[in-house]
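The structure appears below as structure tokens.
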Amino acid sequence: MQNDLIALNAEYAAAIDDDRLEEWPSFFTERCFYRITTAQNHQRGLPAGLVYADSRQMLADRILSLRKANVYERQGYRHLVSLPLVRSQDGERLRVETGFAVLRTVRNGSTDVFASGRYLDEVVRNRGALKLRRRDVVCDSSRIDTLLAIPL
Amino acid sequence: MQNDLIALNAEYAAAIDDDRLEEWPSFFTERCFYRITTAQNHQRGLPAGLVYADSRQMLADRILSLRKANVYERQGYRHLVSLPLVRSQDGERLRVETGFAVLRTVRNGSTDVFASGRYLDEVVRNRGALKLRRRDVVCDSSRIDTLLAIPL
Amino acid sequence: MQNDLIALNAEYAAAIDDDRLEEWPSFFTERCFYRITTAQNHQRGLPAGLVYADSRQMLADRILSLRKANVYERQGYRHLVSLPLVRSQDGERLRVETGFAVLRTVRNGSTDVFASGRYLDEVVRNRGALKLRRRDVVCDSSRIDTLLAIPL
């Protein structure tokens, strides 16, 4: 199971970093929940997120908009994902927590930390493969880039 | 064993990053050794460390002081821990080396590299669970934040 | 196999970060291919690299020059290596992709991101041990330090 979780996170990160964004929704179940929020909002139990989707279709739509939008200037992203911590297991449903950081390389060539935080996931086994039924992306920073576009 | 070491490091990092500092001493054996030092001092064999403790009680005391001190302003920390390298094994005692980096997110929302270095550990199996008998935190930088407070 | 790949990458990173550069060529097969290039060049299929070697001897020579060169001021490097993704397997030959970042700590003590990118590897089993037959280091940034000296 541990190996499957590691592979899930590695594939997820590589799809985004390689700009294969159209593959991103396939890591989720059909009905799912995806949210980007801040540690502060998460701690206060505020439901609002910076980004929110509750179906695979919504995730796909998000990528479509992103591709069409002119504001989208492709920069280099590099996910660094920690080892997953399984918090609980209930049959085929796992609650998993995983630390991450995303580095960004801008046009002039310099690289900095774009985001860091943790994934709070609900993972299920779907026809053999692990899928995300829910991913809460809880960012350490409360200052999130307003042009935030790529999935985290 | 490799999986147990990975889990130990992941739990250790999550406890600190989630501000569950009171759990930190529980990763060590009752009698233990914990030190934060610099690569330069370590290379020269200087015993002095920036932070030093030789029992689990001393580690607990450190957290107590930290909680009481007003200078302690909670910032966001995020450990990124590499894969552990087992350097030697002598019965139930392992010598392990593990690279790490800690990102820090400050109030204005920006994130930078707070510390990087490697853990030089002596790990023992204690009633089934792996515990740190010794952890030398060797920081790459010789300029360590004088308000250095959180465990690394 | 996954564990062997993880160990290969961890040992490789530790050898460089500990300044045991003379061990670096031993991670490769006798006849091998090593290149550092940029994501932009790689995408365009440009063969030119910033650093290039096609034998273990060339790698060893590179380290020799590096040791002799006065420009080489030793700074602190810290590799953070992601989990390896096996892209294909053909008998004893694996194609593997692995994300990485390298932090650099300079003299005044500050730490920043020196490089990030991914390793595109061809790995073979050689008398029991995994060896790199080819490693393309594809850097996210197109601005690479002209004094680039250490292996990535």
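Chains here go by letter, A, B and C, matching the order in which they are written, and residues are numbered from 1 within each.
Just so we're on the same page, contacts are C-beta pairs under 8 Å (C-beta built on N, C-alpha and C of every residue); 3 or more make two chains touch, one makes a residue touch a chain.
These numbers come from a predicted model, not from an experiment.
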| item | value |
| --- | --- |
| Between subunit A and its twin subunit B, rotation from the CA superposition, multiple of 5 degrees | 120 |
| Same-residue or different-residue interface between subunit A and subunit C, half as cut-off | different |
| Rounded Å distance between subunit A and subunit C, as computed from the means of their C-alpha atoms | 28 |
| Subunit C, residues touching no fewer than two other chains | 80, 112-113 |
| Residues of subunit B defined as touching subunit A within the complex | 3, 6-7, 9-11, 13-14, 17, 76, 78-81, 103, 105, 108-113 |
| List of subunit B residues in touch with subunit C within their complex | 2, 39, 80, 82-85, 97, 99, 101, 112-113, 115-118, 140-144 |
